[in-house]
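Read through the structures below before going on.
Each of the next two complexes has subunit A plus one other chain: subunit B in the first, subunit C in the second.
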Partner chain A sequence: MKLKKNIAVSESGFLFDPNTGDSFSVNETGKKIIELLKEEKTDDEIIKWFAENYEIDKLTFENNFYDFTAVLQNHHLTE
Partner chain B sequence: MKPEYTIAVTGLNNTDNPGPGVPVIRSLREAESFDVRIVGLAYENLEPGIYMENICDKVYQIPYPSTGSDELMKRIEYIGKREKPDVLIPNFDAELFTFMKSEKYLKETGIKTFLPTIEQFEERHKSELPGFGKKYNFDIPFSKPVTKISDIAELRYEFEYPLLVKGKFYDAYLAYTPAQVTEYFNKISAKWGVPIIIQEFIRGTEVNVAALGDGNGNTIAAVPMRKQYITDKGKAWGGITLGDEKLLEITRDLIQKTKWRGGMELEIIKTHSDKYYIIEINPRIPAWIYLAVGAGQNIPEALVRLALGETVEPFKTYDVGKMFIRYSYDLIGDISQFEKLSVTGEL
Partner chain C sequence: MEEKLKYERPVITKINAGMPDKFGMQAKMPVITEIDEIPVKKLIKQYGSPSFIISEKTIRKTFNEAKRAFTSRYPKVQFAWSYKTNYLNAICKIYHSEGSWAEVVSGFEYDKAVANGIPGNKIIFNGPDKSKEDLIKATENGSYIHIDHFDELYELLSVSEKLEKRPKVAIRVNMDTGVYPQWDRFGFNYENGEAWNALNRIMMSEKMDLVGLHTHIGTYMMTPAPYAVAASKLAELAVRIERKFNHKIKYIDMGGGFASKNTLKGAYLPGKDTCPTFDQYAEAISGALINSDLDPNEMPTLFLETGRALIDDAGYIVGSVLANKRLADGRRSMIIDTGVNTLFTSFWYEHEIYPAKEAGSHSEDTTIYGPLCMNIDIIRSAVKFPLLQKGDSYVIKRVGAYNMTQWMQFITLRPKIVLIDTKGETHIIRESETNESLTSHEKIPDYLK
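Let's turn to the complex of A and B:
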């Protein structure tokens, strides 16, 4: 999954899509996922990173991660 | 030292259905290349722009174009002799035809305008839009003009409900049934006359572009915006500038093909499958023009310079993510101001 290149993300987790004018707020976890997506990490790399750095098992995170990316897709924030 | 120009501006009705006059004046007062003296031209004596501070230096009441263009031009001639405006910026769709027809005459009296040609004005009418799309190769929703209530029943053969019912100058309603079409037909025709335009309803997001063409096919300015907060009259109460390159492409293409002269507003629906349909072409500066100035393109200033015959370089950039939020504010006036304008037609 790739985030659209022109999506702006602020320090506070505020996303702005300059094409549509839509804006969104994400929490710390969402912000980190977006940061990793912007670094063009693969889904597996992101899931691995969270499993290693947070107290969460891989399967639970994976479920939440795909829910989150589905929301990103729904809002046309991905390519 | 900057030159000072006297500029006459209409559309001072800064209400919840605002005319572009006040934002145009604010933009002109922020012009970097000249100073201004503003002569406000008002149709009604309670238009807020008349009473707002630092908007008009002098105000004249003028007769509605519906009373006859001779009456209006006689009044403009009188104002012209007294105030000697360098440029006149009309801001209402309904008055544009009169001013366009009188462009030569106005120029002879020393008042310059920078308006579309009659041909440009006529071919982008709501009722003519499908033909415009065909001629210049733009996606336009199917539409047809209706002049009689008896035509409404036949619409089901050409349109799917819901459909849009629009006035030739203003107003648009979404109708789900023939009964609603009849209701809106009566409502709009009582105010703006016929034809009423029936337009295919395209689902998507409405986006607008404020632009300026130099009459030779060049786009001098173009700023796209999405309404973020819409009033029950469908007017933008808040909006944000967009960085959608496709909207700029459509605008440049349209201005180049039509050799558009003057300010304009494109109303476009962007569908979920990323198709862009032009739903209206307004032949004047829009009421949200101050957002374009805030984003870095002072379109009214550029328009005045073009009207004065100067060469104006196209703007190359603007800020994406600039927002505007309208607000209402109570002005305190005095009956003596109202009295003066009502009795003498001037303030």
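Let's turn to the complex of A and C:
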């Protein structure tokens, strides 16, 4: 999963895609995933990091993570 | 060990700059964590998922609001509980304990009212389907028989010849009250003279006691004005009977049809903001009767058979999320364990559904499906809803009317119905169905055994 390079995310979770002019709102965990994707972390690394740092088991997060990335693809925010 | 961060499902929502309206919408979905101070989690754990929950406190509060609205405007008012709206015995007994009579529309409902301890002279018998046996029973018990059509009128005449008691009757009158579509399937028409004709035949027969006039102008009436028109027309008939036959009728029955606060499909604004209050209905009906030519010293009793508006708010469904999935175009869908078989009213309402625990401030356009393997099993086709996890709980509001009578045993078994009494104690008032309870009605021919 690779995020488009020029996607910008603000502190408050406002996300802007300069390619299309579309803007989005993300919650705290969504913002964190986008930040990790921008750092080019792999899916497995992100899943492991969340399971270690949040009150969530690995399998549930993996399920939620792939649902979230499917939405990113649907909004054409990935390469 | 370092404490872990609180988790919320990751969400991304596209921001659409749409046309603003003057009403605005609440951005964050409220949460219902408890019903009458009992945690939803506890109810599900104790009674299973899904379960119907009924609040006795809300039933009594709503009933007394309606009663106050009418009794403060009209001298003689009598409510009759509409059995078809919810005929669980425990529910009927709550209304009867508040002084409601029974309003029934079939032999089955009639027998239920009798078994609930209601004397025959406090049962109103409506509906187009009354068998000869029903008519005999109702006559002998002194119930109020509301005649629906001429075939019934003549059957009752024939029955009354063989009985010692005279039937106490009213006619059901349908009429133009200015609403579309006009309900003309119940009773006799006012405008074309059929109602007057029926009243004359009853009075001339001298075999029945004409005691009342009834109408049921429609359902989910979103304006009180048609009730004023209907009350005026019934009052006019009552005055004509008195002039011609020197006979006073004892009551005018305005039927039911008051809207609850649910939102009908296709409505632009929520029902809770647009549906009339009991005070508005009461003002329309009482005003029309008081301003009519009826003798102010001997006004007929006003009967009301409202069902939906009295009980819808008292009913809840608590249940669990079965799954979340993406539809082909990326839209979110959520599958819950309540389907249209259980929540029958979802065919015409946009039911309010809420998470049972804090689920964050972000929500997504979601289609909420029931558990049935049927394409029509949609509880909400599009609602902004927070992302819940499989197993999380939800609460559906305002389900007290019709669901527990019109529900279907289809694909899944019907769940428990639980009453929370006024002291906060819970009671199962209908057990969940089992395979045994259903198959006990089946028979297998010998050659298939």
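Just so it is clear, the second predicted complex is superposed on the first by the 79 of 79 C-alpha atoms of A that agree within 3 Å, B and C clash if a C-alpha of one lies under 4 Å from a C-alpha of the other, contacts with A are read in each partner's own complex, and residues count from 1 in each chain.
Simple rule for what comes next: contacts are C-beta pairs under 8 Å (C-beta built on N, C-alpha and C of every residue); 3 or more make two chains touch, one makes a residue touch a chain.
Just so it is clear, the structure is predicted and the values come from calculations on it, not from any experiment.
*Asks:* For A:6, using the defined touch cut-off, is the partner it touches subunit B, subunit C, both, or neither? Pick first, second, both or neither.
*Replies:* first
*Asks:* Just checking: does A:21 make contact with subunit B only, subunit C only, both, or neither of them? Give me first, second, both or neither.
*Replies:* Once the two structures are laid over each other on A, A:21 reaches subunit B alone.
*Asks:* Using the touch definition from the top, say if A:53 reaches subunit B (first), subunit C (second), both or neither.
*Replies:* The second partner, subunit C, only.
*Asks:* Determine, under the contact definition given at the top, whether A:74 touches first (subunit B), second (subunit C), both, or neither.
*Replies:* Once the two structures are laid over each other on A, A:74 reaches subunit C alone.
*Asks:* So, A:42: does it touch subunit B (first), subunit C (second), both, or neither?
*Replies:* Neither subunit B nor subunit C is touched by A:42.
*Asks:* Does subunit C touch more residues of subunit A than subunit B does, or is it the other way round?
*Replies:* Comparing subunit B with subunit C, the partner touching more subunit A residues is C.
*Asks:* Mind pulling up the subunit C residues that touch subunit A in the complex?
*Replies:* Contacts found on subunit C: 4-15, 324, 326, 329-330, 360-362, 387, 389.
*Asks:* Spell out the residues on subunit A that touch subunit B in their complex, using ranges where they run on.
*Replies:* Against subunit B, the touching part of subunit A is residues 6, 8, 16, 18-21.
*Asks:* Tell me, which parts of subunit A touch subunit C in their complex?
*Replies:* For this pair, the touching residues of subunit A are 15, 22-30, 32-33, 50, 53-56, 60-61, 64-65, 67-68, 70-72, 74-75.
*Asks:* Where on subunit B is subunit A touching in the complex?
*Replies:* 205, 225-226, 228, 240-244, 270, 320-321
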